[in-house]
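All chains are identified by letter, namely A, B and C, in their written order; residue positions are counted from 1 within each chain.
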Amino acid sequence: MAEHLLRVEKLVRRFGGLVATDNLSMEVVRGELHAIIGPNGAGKTTLISQLTGQLMPNSGTIHFAGRDITGLPPYRRSGLGLARSFQITSLLRDFTAADNVALAAQAHAGHSYRFWANAQKERALREAAHAALARVGLDKRANVPVSELSHGEQRELELAVALATKPQLLLLDEPMAGLGVTESQRMVALLKELRKEVTIMLVEHDMEAVFALADRITVLVYGGVIACGKPDEIRNNEEVRRAYLGDQHAVTRHG
Amino acid sequence: MLVVVEQLLNGLQFGLLLFLLAAGLTLVFGIMDFVNLAHGSLYMMGAYFAATFVAWTGNFILGCAMALGATLLLGIVLEFVALRHLYGRDHLDHVLATFGLILFFNDAVRLIWGPAGLALPLPGWLTVPVQILPGVYYPAYRLSIILVALLVAALLYVVVMRTRIGMLIRAGASNREMIGALGINIKLLFTLVFGLGAALAGLAGLMQAPILTVQIGMGENILILAFVIIVIGGIGSIRGAFMAAIFVGMIDTLGRAFLPDLLRKVLSSTAASTAAPALSSMLIYLLMAIVLVVRPEGLFPAAKR
Amino acid sequence: MKSALNLRNVVAALVIAGLVLLPVYSALTGKVFILTMFTRIVILALAAASLNLIMGYGGMMSFGHAAYLGIGGYAVGILAFEGIGSGFIQWPVALIASALFALVIGALSLRTRGVYFIMITLAFAQMAYYIASSLSRYGADDGLTIYKRSNFGSLVDLSDRTQFYYVCLACLLGGLYLIWRVVNSRFGLVVQGVRSNEQRMQAIGFHANRYRLVCFVISGTICGLAGALLANNTDFVSPAVMYWTRSGDLMVMVILGGMGTLFGPVIGAIVFLVLEELLSQVTEYWALIMGPLLLLIVLFARGGIMGLLGRFSRG
């Protein structure tokens, strides 16, 4: 019996007169890769912000692994196993790649009110950091400051940082954003590997990637869900086609 | 009873003066995102100019008008020569640079006018008590401060809210690049706004001059009050600055006037005389602390940028 | 891995050596004022180092740090006045009082950011100034004379200039060592991370403001120690030590030396105070030069002296 790792019920968020999230309900099943798609302005970012705790909904609930997390601040959600990557890369720019990941590991390895011992010499943290970096293919760039990494490498680092927090659910906000063709292919291959270990919820515009990766797709329009189902169902859904995919998008099959 | 009315008016007068100072500060901060610690120095210069020009011309009104002009000019020169290079930089840079200016101004004043303060005597016609209510008299000068400040506040409101210049100012506050793209000379706009801020500070300084002594360092003490007002009133909000300034002016004046007596009723005489001055000084900061706890964005924050 | 033998470290080592040998120089040349001047410099360097912890590493621009100099100083002064002359009591009280003040002020001020944080820390420090000015029992504006320095029994005699200097230097070096350890610890990395990108740190699971507050308290406590030392140095404490321009001076020392570097505040304190001393011998109106100088530093040398040294060593 499939378990709902994430359950969103009747979520509403208004900004003045604008309804950004309109009675939104959806769930993510443990072990799946669930994609969220929708035209610009559909409220994808607002949804992610509410899931991660940066924004509080006006009404509705969010349950994660059976717990009501609707009112929890971001740092608490991270502690429960909800990790995210940012649409606009958000890393510690003056630190190295390894430092970034080590800090994420540190956050989930005991408390950090330790004032004496040198944290950069903690074997366990450094090893965990290297493992996460190796996972995304950045182990050779471990000691490079973030400001000197390429955009694609930074996107991969975001992933490594999220992984280091040992998440149950990985919320990825447009991981392909700004990536070139080769880099996108790398990212898709990487996500194909990662989905075996962790449940992933993916917001993406890159339709090729979405249809190649997703087990299920939820389509968002004007803050509400208009369709949810397997990729084939979505591809053939009239409403979705009209609202989003449009005639000019040639959607091909990926095996 | 008379004392209460008098203190209420004093509080209003002080509050309005604080508003003039805070308005200039918040204008400059809101539009140019520039933290000007030397705002207090402009306040001081207004007072020193007034004392000098009034003595020189023998005419109170003329001297004050000249002082206002001089402070406006000083502000514009300062902006043009030094401060415009700091726009867009970290706020910390602004703080440090203008801190340097404070040191400079304090010593410059000491060099030119000497370490002792100046006095600005009032002309006869402003020292008469005016009957505002049957049996209630209030000094004409303090009354005129209230009237002038209210007038300036009203004028500010009209200019900022109802004129094209005001619209540019408000637009500039939300989106500087856009204004530049529209072909408006943004450098000129900023210089004018800074000048306006300087004039407001100078006006506050010169109006306060006959009541307090004109001395070095007078700007710093009142500048901090202006900061407190901006925090309480809400960032970038002139309306908030107005409300908070009146509030702060009232609380401070009434507190200093009546708190010692109030305390003496509750505590022993010695305890009261030790606690009263401390508590009176602390009152404003306690208020700020409460606002910070309850509503950190201020009581009347401006619309989101 | 950068070589430890870079220009910055060499300069730091030389400065430390110079500070250690200073009393010898003073004794040989008979110039007593050098010893007293540098005692003050060492104490203020400790204060600057504590400010650097929250400014350079924590990203919290506090314009009210001089308050802790006052609190530490008044702890010593008031206790001495009331007949408690033992340093073993005075100094811990100074530390605890500073910590408590930092805790309350920090908790309130950290509800704001950026320029508002600057304004609020300034306002609270000025509040402390006004409170001290109204304590008529303890001298109010005129200040409080301390007739006997903190008594540490047979351990050390603070009234001996040389012994006192070495106590201050020990506090400075000890303080720097403590800061160095804190900055590189788990806690320190979190604080630096929060400065770099708070949103990211929240996302990986850190309660950013709690760490900031603890850092703020540590910093205030260290500065309280400097305050206790300062009161002993001048045998006097008054509200003036907390006047907001003194907080500005501390900020300048931190920036001048190089914000966010370990040794920067020491260099900054030395340069600032020596410059102040030299300028005031040239003219009574030294601020006329210091003021614009500050402006120029802000415009052109934001990394401070350590920043310049760093650039030179990279070639």
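Simple rule for what comes next: a residue touches a chain if its C-beta (ideal position, glycine included) is under 8 Å from a C-beta of that chain, and two chains touch if they have at least 3 such contacts.
In this text, all values refer to a predicted model and were calculated from it rather than measured experimentally.
Engineer: Taking mean CA positions as centres, which chain lies farthest from chain C?
Structural biologist: In terms of C-alpha centroids, the chain at the greatest distance from chain C is A.
Engineer: Per-chain C-alpha centres versus the global one: which chain is nearest?
Structural biologist: Ranked by how close its C-alpha centre lies to the overall one, first comes C.
Engineer: Distance from the CA centroid of chain B to that of chain C, rounded to the nearest Å?
Structural biologist: Computed value for the inter-centroid distance: 32 Å.
Engineer: Based only on mean CA positions, could you tell me how far chain A sits from chain C in angstrom?
Structural biologist: 44
Engineer: Report, in whole Å, the distance between the mean C-alpha point of chain A and the mean C-alpha point of chain B.
Structural biologist: Centres of chain A and chain B (C-alpha means) sit 50 Å apart.
Engineer: Can you tell me which residues of chain A touch two or more of the remaining chains?
Structural biologist: In chain A, no residue touches at least two other chains, as defined above.
Engineer: Out of chain C, which residues touch more than one other chain, so two or more?
Structural biologist: none
Engineer: Chain A touches which residues of chain C in the complex?
Structural biologist: Spelled out, the residues of chain C in touch with chain A are 181-182, 184-190, 192-193, 196-197, 199-208, 211, 214.
Engineer: Please give the residue numbers of chain C that touch chain B in the complex, ascending.
Structural biologist: Interface residues on the chain C side: 61, 63, 108-109, 111-112, 114-116, 118-120, 122-124, 126-127, 130-131, 133-137, 244-245, 248, 251-252, 255, 285-288, 290-295, 297-299, 302.
Engineer: Within their complex, state which residues of chain A touch chain C.
Structural biologist: These residues of chain A touch chain C: 52, 54, 73-75, 78-79, 83-84, 86, 90-95, 99, 103-104, 106-108, 112-120, 122, 161, 164-165.
Engineer: Which positions of chain B touch chain C when the two form their complex?
Structural biologist: 29, 35, 82, 85-86, 91-93, 95-97, 99-108, 110-111, 220, 224, 227-228, 230-231, 235, 273-274, 277-278, 280-282, 285, 288-289, 292-293, 296
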